[in-house]
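Paired with chain B in one complex and with chain C in the other, chain A is shared by the two complexes that follow.
Then we have the complex of A and B:
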């Protein structure tokens, strides 16, 4: 059972999470997102192996964002009937969305996600394999980023101290990186075509990603959670009368 | 739609999406820190950066889809990197990309100049704002405040994505690495 979320089909998970999130967007009471948030955390406790230390670290910026949301809604809010309730609702919504995102990120293998998008959601292989190429190039591009910076420092370019100038100075690294990316893309495309890659969708797959019974039961659980959250929102008391 | 695309163009989109995916993430962290202090409006100033890959790739390849696909790819790459905003970024990417794509489609993919790029940046801003309005619950905020956010975002889209994108494309063109792409062919005719 601790593996259920990991075993779920990435596309199914993706679709469920997106639908849940859009559903949540229609509720402005504090209870719905709060209950949903705790439900999602509970799911991760029960059906996934999650490093809670990293989870906490990744939640932290969103907690800050939630605080920003809270006072913004309080000060610039539109709702005079229950300002604190609405402000809490939007802050909890930030937390609910973030925990749901972390659930996806922690339980999904990136490559399986793209393979599943191609096999279940009919994403064009041309695009899917190109994304995988880009993903594989990531470490190379990271190295290149450091190398270009070091080369420029050797030639006497000083890093500007002010953050605004620092962002503008990124162009000195960005342009050589993009030029390199253009050449890499050309070489890689040639190599793929030379090995018989056509990009047609009637192809075979070395690794098959499937939909199973776990997907059915997890979908049922998610639907239940959304319904319970909505119910809690309808019956829950208002913060201010 | 994809039949007319050469593989090297699709791979190019993906590699650009990776480079900008990393930059997008850097700005996301920047926005996160800011937003604790000044609330969700913190993202509006820098929002334009998240549209830039649409404009750059469209300027280079000039085919239908060259705005929406790389933006979506960049979002997918961000998710693959283990970004905590997660799958909803992909939806955001599609919607922003469509906003920029709509402007280029309106010119029937024939006009490519600074004004069009700025309009595409603004178009992406408008589309992304509608999406943000729903998911971010902006309906609960005062209309004046929402209007202020909207204006800042559209300006950011036009300036950072439009002007910034044009600047980067011109600089990239000057390196000579874009030979064999539509950007060099069309300009030669004109």
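Then we have the complex of A and C:
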């Protein structure tokens, strides 16, 4: 039970989450996204092992965004019939969408997701393996970023205090980093080709990413959640009369 | 042995290059022309030649990365296993000819060892049912069973090269190509890798074609050496004497970076070249950064502005031309410095567009223009071939005789023997001491503890010293 969301086929999870999101977009009221948000949190409590501390940290910016939406809509919105209702609808929608995205991120291994995209959704191996290689490069690029920054500090570049200037100054670091990345990417491409990679889609797979009963039951759960949320939105009381 | 040789004689050519010329589309003259190269089945051949003569490109013609990937212009005939190379489908030849590359960090595309091995098998369209058995077998054969689920990024350079070899091995190829696989390893690790490969090779007598400029490290692994081009005349060693009256130009007192580096004190004289060596993870890079005022946690360094040249000099570059790069710190003697470092012809070029050797000159020039006459360099010898090392050597010697003081991190004791006045040895974050180079080459225990090999001429010194057993 605790692992169901992790055991789900990543492609199935991806499709069902996308469909849920699109469905949510058609219902503009405070109750639907609110119920959906709590449902998503409940799902993670019941079917997943999630570090709630990290979850909280990741949700924080979205929460601030939601509050921002609420505030600006309330103060600057020109819907005079139901300002609080509109504001709440918007901010709950932010919460519902962000929690759903985080659910996917927290319960899916990136490599499995790519493998599943190749096997179930017929993503071209050329694109799939490019993404996998890029993913391998991330920690290396992070190290290089720090090294370049330190080297340039020695030359008298001071870390600018204002964030805007900081972003502009970043280009000095990014250019050497990208130059190195291009060379590295070419070497990796050569190594992959030398090992017989052609990008053909008829390859065999050691790890079969399968679709099983878990996927069926979790899909049912998601559909139920969406339906309940919609029902709550239709029958839920209006915020202001 | 005679039997074996006779067998080799009767074997057919697996690689047969006749009258081959090759040219990159963007260059004006061919990289190499009218080349004949034959390898018989079961032979172990090493290709040598000065840098830039096209050794790697030749290897890429054999595993069909070229000419397709660079639109290169190829003439003559390349015959592999008795069939013209161009007749092979993409990826077909790679099942029979496997390659190990030089950079351990950029030849993997999956997170773990097992996934990396399956990548090879999946490319070859091996049925899924067979894979597990083949992976287990190759891991056992290569002695890597414990690393099956290890994350490749966390392995050491030597381990990564073994994994890369296992990935080639699992294809059960007829020919193994090695593209300078030792370049990024420290000398002791390189020797261990060769011994490991030798043992592995004994079980399956396949053909090996390698490129390497340090044939001595291979301990007679190869049947023959094929010189692609005659080496350039080696320049005699420039003798240099640091005057005993020279002033102290670098004074380090109790410099520490807790918890990596225990307090370190030493000094270097003006115009001297110090070499800093020690095993990976002993804190060499940390010490360099601390010297430059990054992240030290106590102690003092004089002078406070020290020049730093990272392994990739381009990390330092901030401007659009070599001239601006030198002038960036506000130095006034830019023209003179361009002249002194032979950078006049590229003064207006973009610093990213010049050669690696020139980039290093630009970096050193920029440091000198900034008024930093003490320069530390992080592994400038890693991955450099003989010609590049010679260029680096003359650069150091010239600048040192002008009064610049250098501290250089390197594993390459051949290089150290040619330039160093002092050798600083570092181990587990502690400075073992400062030695004269001769003393280090004589002391096997010291070399061993710091994972170093004596320079090629080192036996000379060892013979003078009392003979003793290896300590580790």
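The rule is simple: the second predicted complex is superposed on the first by the 239 of 241 C-alpha atoms of A that agree within 3 Å, B and C clash if a C-alpha of one lies under 4 Å from a C-alpha of the other, contacts with A are read in each partner's own complex, and residues count from 1 in each chain.
Here, a contact is a pair of C-beta atoms (placed from the backbone, for glycine too) under 8 Å apart; a residue touches a chain by one contact, two chains touch by 3 or more.
Everything numeric in this text was worked out from a predicted model, so none of it was measured.
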> Counting only touches as set out at the top, which of chain B and chain C does A:184 meet: first, second, both, neither?
Replying inline: both
> So, does A:139 touch the first partner chain B, the second partner chain C, both, or neither?
Replying inline: second
> Is the number of chain A residues in contact higher for chain B or for chain C?
Replying inline: B
>> In the overlaid three-chain picture, which partner chain does A:197 touch, first (chain B) or second (chain C), both, or neither?
In response: both
>> Contact-wise, after the overlay, does A:14 reach chain B, chain C, both or neither (first, second, both, neither)?
In response: first
> Of the partners chain B and chain C, which touch A:71 in the superposed model: first, second, both, neither?
Replying inline: first
>> Tell me the contact category for A:153 with respect to chain B and chain C: first, second, both or neither.
In response: second
>> For A:210, using the defined touch cut-off, is the partner it touches chain B, chain C, both, or neither? Pick first, second, both or neither.
In response: neither
>> Once chain A of both complexes is superposed, is A:162 in touch with chain B (first), chain C (second), both, or neither?
In response: neither
>> Touch test for A:235: chain B only (first), chain C only (second), both, or neither?
In response: neither
> Is there a shared patch on chain A that both chain B and chain C touch, and which residues make it up?
Replying inline: 133, 175-176, 179, 184-185, 188, 190, 192-193, 197
> Can you list the chain B residues touching chain A in their complex?
Replying inline: 2, 5-8, 10-19, 22-23, 29, 32-33, 35-42, 56, 69, 73, 76-77, 79-88, 90-91, 134-137, 139-143, 145, 167-168, 171-172, 175, 177-178, 180
> Once bound in the complex, which stretches of chain A touch chain C?
Replying inline: 111, 129, 132-133, 136, 139-140, 144, 147-148, 150-157, 172, 175-176, 179-180, 184-185, 187-188, 190-198, 200, 202-208
>> For a test of understanding, state which residues of chain C touch chain A in their complex under the given definition.
In response: 60, 63, 65, 69, 90-91, 94-95, 98-99, 101, 103, 105-111, 115, 118-128, 131-132, 153, 164, 167-168, 171, 177, 289, 292-294, 308, 310, 312, 314-318, 328-329, 352, 366, 370
>> Touching residues of chain A toward chain B in the complex: what are they?
In response: 14, 17-18, 21-22, 25, 28, 58-59, 61-62, 64-65, 67-69, 71-73, 76-79, 86, 89-90, 93, 97-98, 100-102, 104-105, 110, 113-114, 124, 126-127, 130-131, 133-135, 137-138, 141-142, 170-171, 174-179, 181-186, 188-190, 192-193, 197, 199
